[in-house]
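One chain, chain A, links the two complexes that follow: it is found with chain B in the first and with chain C in the second.
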Partner chain A sequence: MAVTPVEVFVAAGSDRWHDVQALRAHELVRLVPTPRHATVLLVAGTIPASAREALDRVHDQLPHPRAVATWDEIVAGNDVVDAVASEIVGCAHRVMADPSTSSPGRLADEEPNDWRGVGPFGQGGEGMMGGTPYGRAMAMTADDRDGLSLDRLELRLGPFLGQLPGGLVADVALQGEVIQSIEFACAGSKSFVTADRAVPVARRLLWLSHALHVQGLDAFAVGAARLARRSARLDDDPGLARDFASLRRRMRWTGLRSALRSVGDRDGRDTLARWSAHLDAIAASLDGADSRPVSADGSMPITAAELAEMITGLALTDAVSTIIGFDIDVPAMTTAPVEA
Partner chain B sequence: MMSALAAVLAVTAVALTVQVAALVRSEWADPFVSTAPQRVPVLGGHEPATHAWSRFHVRYYPMTLVFVAFEMEMMFMYPWAVVFIEEGATALVEMGMFLTILGVGIVYAYKERVFSWQ
Partner chain C sequence: MNEVEQLSAPLAIVVVAAVLVVGVYVSSVVDVVAFRSVAGQRLRPGSAALHPARVARRLSRQQSVRTERPDMILRVLAPAAFLGLAAAAVTVIPLSPGIVVADVRTGIVLFGAAQALAIVAIFFHGWSPNSPFALVAGYRFVAVALSYELLSMFVLIAAAIPAESLSIGAIVESQAGLWNVIRQPLGLPLFLIVSLGVTFSGPLDLLDSNDLAGGGSVEDSGMQRLAWQTARHAMRIAFAACTAAVFLGGWHGPVLPGGLWMALKTFAVVALLGFLDVFVARISAERFVRLAWGVLLPFAFLNLLIAGVGAL
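What follows is the complex of A and B.
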């Protein structure tokens, strides 16, 4: 019987972020890109103290009636994804049946600045730019890369932004859609942010699932997540390599190549080349050849500072594609020791 | 006639009642109104410090100015040429005044370096 999937927003710590992507394969839940679309907030992995307020804000951004499920508190049997999906569906049904049990707000319902009634029209400021019209200051101009003066929008993205890896926090300055500067929160300037080690093929397929979702190819993302679940269940699934090859073949007809070509060039390799390296590594693992790191060709590892320098000047969408193309190892990035 | 008016009034009354009921339902009876955190753009957990209203350069503005300065005078010159035969010096003076006003725009554009290649 067809059922409507429960819409879930995931707030995942960096240690659980790849695991959560497997939920895309489950027919009873649907991962949504913003909390506004969701009924259930799924909290997964270790949430550092510095991210607690961010988690509370994301929680409060879910519309009522809403519920919260916690991955690490769910007692799983053989299949943790099934158990988590069942818990999510149960939470959604309970809160829909009795909206009074909706999870209450955690942050104060207060505007960031007192603005009502201030100014000649009660809009919070004087003129077009003064004060805090409607609660927030206006962005001020600064010179951009073309020598013009444009408004400079400074944002802190993450740690629970659906397009970026869980736990990744980036301070971005935008003018228009162009990134003027970006800085990643990381433990040390020497830490490699790419997963330059041998990882299970299931994890690589989960990376692929998220990367396809970011490119707007959700049906393909579901396909990759299903392959990841199959590879995690069975060590030796003879049809897996064939089905991955089929998925890869169909991906060629999506326009992905033109979207990734010439984006994020580094050492003569663009995001498309990095995707190809990932896909080749997955295919090699599924063929039983080895589980060599994607960086075996020597061009994948990159530090956070190098990545920031690389994507400065790109449009925001191209920057996100570039970041995702590196399969950032966020736990290693945020816990790496600072080298002397 | 009266029955038709009564029908219109009845429909109006029903429509107003339904609209007022919907307003009451949404404004007062709904326990879930949006809160301050829900009105914040989704950035993954943090609040923006400033509005997302960004001012952009209107790059076509100088081109518009130059278009008006040169094109408008040509548009009026053709009919003016016909009138000039009949009116003579009067038409010449009037067109001179018109061109002077447009000329101020061209001077302004020159001062703003509209004609310098970038």
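What follows is the complex of A and C.
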């Protein structure tokens, strides 16, 4: 029976974040960028204690009727993605059929912070601006990098923000869409956020699927996720290299090159060059008709501090493209610092 | 010139509502077909045809979440205004020879005004939920919109020159011998870019985009989301119909009735916009502004020059 895909928001720990991208290949499931659009919250991987409250907040942002599925509690057969998708569809059908079973709120329905009661309008800033009324930062004018005085908005991004790798947390100050400062939460300022490491080709294809999604190419993201699933299932799939080449040819007509060129320049390499290196590595591995591990983007490893410096001054959209282009290894970044 | 038949007010309301309801549904189906075709997924005609109805049913049963301290008046007004402006734009477009809801002699101006006011409605959509990503998306959209608005103005004026009238009906009449897509070849691609901008699609998907976690729609759920998506598709229909009338000869065509030609051409433009939405990657606002002022605007001037020389 034909049905509409169930809309799912994924709250994934860094150890499971790539795996869940494979769900994009499933016709009965659609990953959405915000919990407000979702019927089901999928929790996947290890959620650290520091992220529990954020997870509860995400949960409470889903509109009723809503349901929760947990990846690691699903008993999988041969195909874990199929099993997870079936569980998600089942959860959605059950809760839509009986809305009284909708998952109740986890946090008290109250303001996150008391009204500050400071300043002429009580928000704790100056005049009508600034401060943190009810715990949410309000923009306040400040000098920007060009010497102009513009509204400055300070935000925490992550750890469950759809456009960034799962588990990544960053404190950012924006003026307009331009990043004035950014600081990543990691084990140390010299923690490498990426490295010239070897990973399976299926994982690289899952990175591609997410990266295409962020660039607005969701239909192409489905194609990349399907290739990743085939790659993970079969070591010897002679059609895989041909189909990847076909996907890559079609990607050339999407204007992606124009969107990524000259974004996030470092050592003479921009985001387009990093994408090309990723795609070349995938193609080389698939041409060998196996799923050998492929090396990462081939660029020099970059530390969190260097990445922050690189994207300061970029528009948020270019900053996200730059971060994604590096295929950040979040577990290594947050738990295993490598001192230079 | 054909005798123009002015519709009575009740009939006009029925006609505009019918055009928008059918148009929004068809545009939604086109989105499904475009996505599945490009993604390489199985395309079941019955499933695609019923998809918008199923989505509408699901969203109508979903909670519309109220955000923390929203601007509720603007939150309600934004989709209503966007939809209303799309309806106003449709009224000045002739549906077939001699049939137009509002035979306004300055139809192009009214269409342009609706398009300009749409920017305000879209910004309200970003502003009203009191949410950072929605706000950033709203500001970003306005920055881009100011650039494509100028394109639209020059392209539509150029189309009006051969007709020696600002009435869209007169512009269609002026294409009896030669369509504007041939006479002014730069006009159609430039106007398609404007259409992508107003409906925040494809390369200009800078409002409700994935890089901002859904951007202006980050807080939308239930009926709020359904209303916004409906308004967006209605605006796509208005621009597709205007494109068909102003550049593709409107009702002109062999054998088939004029109204059918108009519907077919409008559908073709809707399909093109739907596929561009799926097939083209988003570019950053800064790049588009540079492109608009450095390349597209000079092309719009050139298009105006071509139209002027042609009219001599």
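FYI, the second predicted complex is superposed on the first by the 296 of 340 C-alpha atoms of A that agree within 3 Å, B and C clash if a C-alpha of one lies under 4 Å from a C-alpha of the other, contacts with A are read in each partner's own complex, and residues count from 1 in each chain.
Going forward, contacts are C-beta pairs under 8 Å (C-beta built on N, C-alpha and C of every residue); 3 or more make two chains touch, one makes a residue touch a chain.
Since the model is a prediction, treat every value here as computed from it, not as a measurement.
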Partner chain(s) touched by A:155 [first = chain B, second = chain C, both, neither]: both
Contacts of A:15 with chain B and chain C, given as first, second, both or neither: neither
First (chain B), second (chain C), both or neither touched by A:176: both
Which of chain B and chain C A:107 touches, first, second, both or neither: first
Partner chain(s) touched by A:63 [first = chain B, second = chain C, both, neither]: both
Which of chain B and chain C A:141 touches, first, second, both or neither: first
Partner chain in contact with A:87 - chain B first, chain C second, else both or neither: neither
Chain B versus chain C as contact partner of A:317, first or second or both or neither: second
Which superposed partner A:55 touches (first chain B, second chain C, both, neither): first
Contacts on chain A seen with chain B and repeated with chain C across the two complexes: 34, 36, 61, 63-65, 99, 111, 133-134, 136, 153, 155, 161-162, 176
Chain B contact footprint on chain A (complex, rising order): 11, 34-36, 51, 53-55, 57-58, 60-61, 63-65, 99, 102, 105, 107-112, 133-134, 136-141, 148, 150-151, 153-162, 164, 175-176
Touching residues (chain side chain B, partner chain A) in the complex: 31-32, 34-38, 40, 42-57
Complex contacts: residues of chain C adjacent to chain A: 34-36, 38-42, 44, 46-47, 50-51, 54-55, 58, 61-65, 68-69, 132, 135-136, 139-140, 143, 202-203, 205-206, 209-214, 217-222, 225, 278-287
Touching residues (chain side chain A, partner chain C) in the complex: 2-4, 27, 32-34, 36-37, 39, 61, 63-65, 96, 99, 111, 133-134, 136, 153, 155, 161-163, 174, 176-177, 213-220, 222-223, 226, 253-256, 258-259, 263, 315-318, 320-321
